[in-house]
Amino acid sequence: MLRTAKIINDPVHGFIHVPEGRILRALGHPVVQRLRRITQLGLAQFVYPGAVHTRFGHALGVLHLAEEALLSLSRKGLAIPPSTWEAVLLGALLHDIGHGPFSHSLEGSILPYNHEQISQALLGLMEAELGDLSEVRLLWENQHPLRFLSDLISGQLDVDRLDYLVRDSFYTGVQEGLVGTERLIYTMNVAENRLVIEEKGHTSVEKFIITRRFMYWQVYLHKGVLGSEWLLRRWWEAYKLEGKKRSYLEELWKLPLEAALPEFLQLDETTIWQWIQASSDSKFPPLRILSRALLYRVPFKVTFTERASATLREGWQHTLSSALRPWAEWFWIEGLAENQTYSPQAGGEIRLLRKDGTTAPLSELSPWLQPLESPTKRAFVGAIPAASLESLRR
Amino acid sequence: MLRTAKIINDPVHGFIHVPEGRILRALGHPVVQRLRRITQLGLAQFVYPGAVHTRFGHALGVLHLAEEALLSLSRKGLAIPPSTWEAVLLGALLHDIGHGPFSHSLEGSILPYNHEQISQALLGLMEAELGDLSEVRLLWENQHPLRFLSDLISGQLDVDRLDYLVRDSFYTGVQEGLVGTERLIYTMNVAENRLVIEEKGHTSVEKFIITRRFMYWQVYLHKGVLGSEWLLRRWWEAYKLEGKKRSYLEELWKLPLEAALPEFLQLDETTIWQWIQASSDSKFPPLRILSRALLYRVPFKVTFTERASATLREGWQHTLSSALRPWAEWFWIEGLAENQTYSPQAGGEIRLLRKDGTTAPLSELSPWLQPLESPTKRAFVGAIPAASLESLRR
Amino acid sequence: MLRTAKIINDPVHGFIHVPEGRILRALGHPVVQRLRRITQLGLAQFVYPGAVHTRFGHALGVLHLAEEALLSLSRKGLAIPPSTWEAVLLGALLHDIGHGPFSHSLEGSILPYNHEQISQALLGLMEAELGDLSEVRLLWENQHPLRFLSDLISGQLDVDRLDYLVRDSFYTGVQEGLVGTERLIYTMNVAENRLVIEEKGHTSVEKFIITRRFMYWQVYLHKGVLGSEWLLRRWWEAYKLEGKKRSYLEELWKLPLEAALPEFLQLDETTIWQWIQASSDSKFPPLRILSRALLYRVPFKVTFTERASATLREGWQHTLSSALRPWAEWFWIEGLAENQTYSPQAGGEIRLLRKDGTTAPLSELSPWLQPLESPTKRAFVGAIPAASLESLRR
Amino acid sequence: MLRTAKIINDPVHGFIHVPEGRILRALGHPVVQRLRRITQLGLAQFVYPGAVHTRFGHALGVLHLAEEALLSLSRKGLAIPPSTWEAVLLGALLHDIGHGPFSHSLEGSILPYNHEQISQALLGLMEAELGDLSEVRLLWENQHPLRFLSDLISGQLDVDRLDYLVRDSFYTGVQEGLVGTERLIYTMNVAENRLVIEEKGHTSVEKFIITRRFMYWQVYLHKGVLGSEWLLRRWWEAYKLEGKKRSYLEELWKLPLEAALPEFLQLDETTIWQWIQASSDSKFPPLRILSRALLYRVPFKVTFTERASATLREGWQHTLSSALRPWAEWFWIEGLAENQTYSPQAGGEIRLLRKDGTTAPLSELSPWLQPLESPTKRAFVGAIPAASLESLRR
């Protein structure tokens, strides 16, 4: 147990202890403070207006759950050295530093790297001030000798998932996302160097799996949320083509990751929103319309459908005025929403610990979950209604 | 009861009905959608990281509570005509449209008008699309013939206060702000054309008064919150002096209110944050330092004190390097935090309704609240610590 | 909407309106007040000490949800005549009046009738004071011309189930039971005279099904709960054999239902507990031991097992002292815990309403739920440990 | 930190750790298990039907908060020896064992001792099984050398009060009772061997004081609750006069405390309810009527009044039939409800700890609380309405 430097009030978990030393310093670092300007769920707030929470709050929540888990394991007799204890908390706090504006919506669109790669790079940057962080890296890469600590930070049942389910549920108001984090953490244990759940937590684990599924369809892949995210993505395409920062973005894209970091750190959501505002009078109609659609909340209207999308598109296209028809492709989307509730790939299977010390995989103990192991896919199409386009165009 | 057009999930109140017609249209209006980019509590999130909620969510909450109150009064036999019902809901939804970025922190600094004046002006603007809104104006100005409806929208116990206490409590995690809104609304009644609370709601009213007090010292006038808001205000002074938009802001200030509105509507918090980012390399040291202090969260460190502030200031000033000393006045603040828990001025007194139909003022029934009627004032000073300034300066 | 007579504070749903007239009178009737002395979950409080809630609270909760559902359907344009509205609320409030002490644990053991039969009989009794209740009877027997109202009161998704899941979850502290009742009620609609859920409530219905499953294994069929309920059942057997009220109970059993009612109404849980206390000095060892086991909370220790129970029993029996061995059969149980999460038998299938007005059964739209349609059975054995028996015996 | 033996799910605080050893054994002791049959709030459930919680749940809650407080103090560097740690937890768990049926309502009516005296005596009884408990006695009697631990167990801000405010609030549904227990516990510290609250918890302490006041008028001294408790007390008088156990109760009253304990331990609420049931056909009209009034929930109707009670009584008495008039005194009550929100008597003052290490009493720092230091008294009268009496009489 590290000595507390600071207590922060979090509406989801209550009071969160921040230990003194490197964790406190990491919290104050610009790379972490920047997460205050990155929302956790991007434009899901177009559907759930309460869901304006940030990656910063999430990072604190993951820190908190990681400490709770360490405490719980300690009570069961596991001795974790203080330096490793600190590394685990750092690994929790920093796990998402590589996210850019609107998190997943624009991931891979600003820089040709995913957020894990950027997190790794930023970790390097932070070592200048925090000293060696190689143990954090081991945790992130599943190479820590205490493998169960890697499981805790990035596994099927890690503190990241535990926090975001509860937090997103809290802020959206979607009760379906409530998970018994406390119970899951109390039933964590270690077997063969891996994190396992004691058998008495069996129902809690099932609940956790199912909750993820519910949150996917209720929030992350909700029609209105898809329609909002795609609005942003379309806007981004238009902006890269005709926005004022076009050449800047082209340059940025070509830079090696290390070199791109300083610019990347400036690119938070307030920046993007300013570009959106500045483009709301663009002469390029798609950019102008999409900018205004973002400012005034006019998302793509999305339908899950099995019908041929060409017919649907034609139907919609007929309703467009002649002024809009040439730009139709900008306001029409087609895609596939996909969710795999639980993927017990090699190495990632959740295991339950029996009282006799043996373990068994969840999929064996809960055969009814098996249908959820194959991904669910739902085709969708979406469009901005003609009338809305017309009023946004002017 | 108006027919529902849409149901919105709100984490604070649950499902919120949005009636069809003018209320739905008002909700989609750019003037209201802009509130998504105005936080409710400005930089209080520097202390309470969860408190990133927006004026938009608050507007929905007030709409909801107004409808609950109308339903409750209807069940007691009061007949409210549908057009007035709609006006009340519009008055609730739109009551805060005049707020600018960071709400109260910069109020009166961007335009020489307070937010009520701007709300009035924007209401005029909205009439172009929504038709005559004069009944809303009557409600806001306490001139509605059904005076109790004005009380409901802007009185000592109005739905605005009810919502913000619960909402701010929910998002900060400060349990002290929980008010029994449901009970207060169920005990509302009308006497002599004014809104009153039935005697059985006596404790709930006392609780409401006390809760406001607690929220003031726990949140609105919290040392860390004061230190964060003043950081922003100091930054604004520096920006008006040496920022890139200096002349633009000077022009804006001089415009008549009507003429200033289109520009004002663009000025949401994303704009200000971009100005902050853009100033973080300014050559003017105060602007550069204050910009970075905002980006990296280094608020003024505030102390409530009765000692002579000159001595305190000198003590702090001595710790500054010679490079910083010339700019010292930028990083030092002095002020007075003031809170009047309950102000039963002429006309504004909360009255309780006895079973025999007579009413009595709260201050008579709850003499123990009287000490709270005189404002509490606490002098404070604040500074950014020298070491922080030094590292921000470079 | 009926005029409110009384508002009752319920910790689960908040304020509950009790309409004036027959509903208020029904609430004050001894048959309903008696439910204050019948717990909702019997001896589940041996495992979940907070779960001491009563059938009375549940009855109020069901009343409340029924009214919420009627309001929601009204907002969608369904006109329900006031007398039917009242019948629905009465049907909700009274649905459980036939439960005896410890509800399901002793059902069929005191009188040779199940609780529905007793409810029907008591309804007749209440007509003396409340007047004709035949419409309530129609609702209970699924014969009401507005069939969807029967569905609301006793169907796969009725207000009884909605209330008990949330209420049992609230009082046990088991978060797994939280159901989005509000959302389910808002998405209720009517198609072909049956209650259906609008498609946008699809996830909520899935959640509801799954939640029932979780509550079964987490609470209703929890090992410790089974062990406590069986303790009570074994005690009842011993008491019928050697308790002081033996002949009284034999007489009671033989009476026709109507004639047995006055006695049955006296038999609440306080009576049974007194019999338990009075038997704690019985000379018949099983009765004495089981009485004390109830008073001091020493439940059967239950194991779910697939091994041959004879072997397990022998193992346990060997640990008994010679004084106890002759009574061994009293302290050993074997049984089958069975739970069918969702049973879409003829007529009972939950149907979802699409936007085009067609409906589809849940099992078609959620194929992943199909494994849950076949009942899950788990064999168990249980015993009171020898050491406990020894100390209880003396 | 003691090793956990068992985790219990509590709806108020979440999971509660029960340490192995003497605390686990104390929990299973008949004296503690008996608290399952003693409700926390007696007949307050006549007004708040959800409030059926027991002293057993409260005892667990106090145990939990005591451990939280010990952990918090440890994190601040206080070293508490394991045996003292255990004594504190035992002192918390057992603090209410001396309560009889309906707690305060019948306190001093069954035995001529208050519940603290009985607790002390029962503690002696438990030493037979648990070994020496003298350190617990020191804690209870404010004589422990670590005086701050006595403050924690029985002081102005002890864990008993903290738990019952939150718990009663949770079960009644009265939101006014929510106290920030977590915050109060996190700001506890020690100065001059006494328990103090750090200055940053100032508002939380104010909130705690005010909350007690609210709970008094909203719950403990609520008119309907007073009318229910007095019903029980009147019944008890009638029962002692004409009930079947009259001579038994007379004997019991005369016994020395030690000798009375075995009988006292049998006297839980299920016993009293059986006596009530058995008296509902008594030939003595007051006993018969009062028994039925308890079974069917017909409390005294209470009015707070400043008028001369004799006039009020006459008015009511006139409405009685000639059959009832001779018994009128049984159905009329007069009394004084009294509440002292905060009583900073010698030694009991709450003190706040400043950052400079000095302390100051709360009443100095919060002068607005001073009016609450003098007790509030409200005279009341109550009666059972004539019509109710008439229907109960037959």
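The first chain written gets the first letter, and so on, giving A, B, C and D; residue counts start at 1 in each chain.
Criterion: contacts are C-beta pairs under 8 Å (C-beta built on N, C-alpha and C of every residue); 3 or more make two chains touch, one makes a residue touch a chain.
Bear in mind that the values here come from a model prediction, so they are computed numbers and not experimental data.
Hopping across touching chains, the smallest step count from chain A to chain C is 1. For chain pairs A-D and B-D, the one joined by more C-beta pairs in contact is B-D. Distance between Cα centroids is largest for the pairing of chain B with C.
One finds 31 Å separating the Cα centroids of chain C and chain D.
Distance between chain centres (mean CA atoms), chain A to chain D: 48 Å. Rounded to a whole number, the gap between the C-alpha centres of chain B and chain D is 41 angstrom. Contacts with at least two other chains are made by residues 14, 174, 183 of chain A.
Remark: chain D residues 1, 3-4, 7, 14-15, 75, 182-183, 186 touch chain A in the complex.
By the touch criterion given at the top, residues 8-12, 14, 28, 30, 33-34, 36-37, 45, 48-54, 56-57, 60, 170-174, 266, 268-271, 273-274, 277, 295-297 of chain C touch chain D in their complex.
Listed in rising order, the residues of chain A touching chain C in the complex are 174-176, 178-180, 183, 203-204, 206-207, 210, 214, 217-218, 367-368, 370-372.
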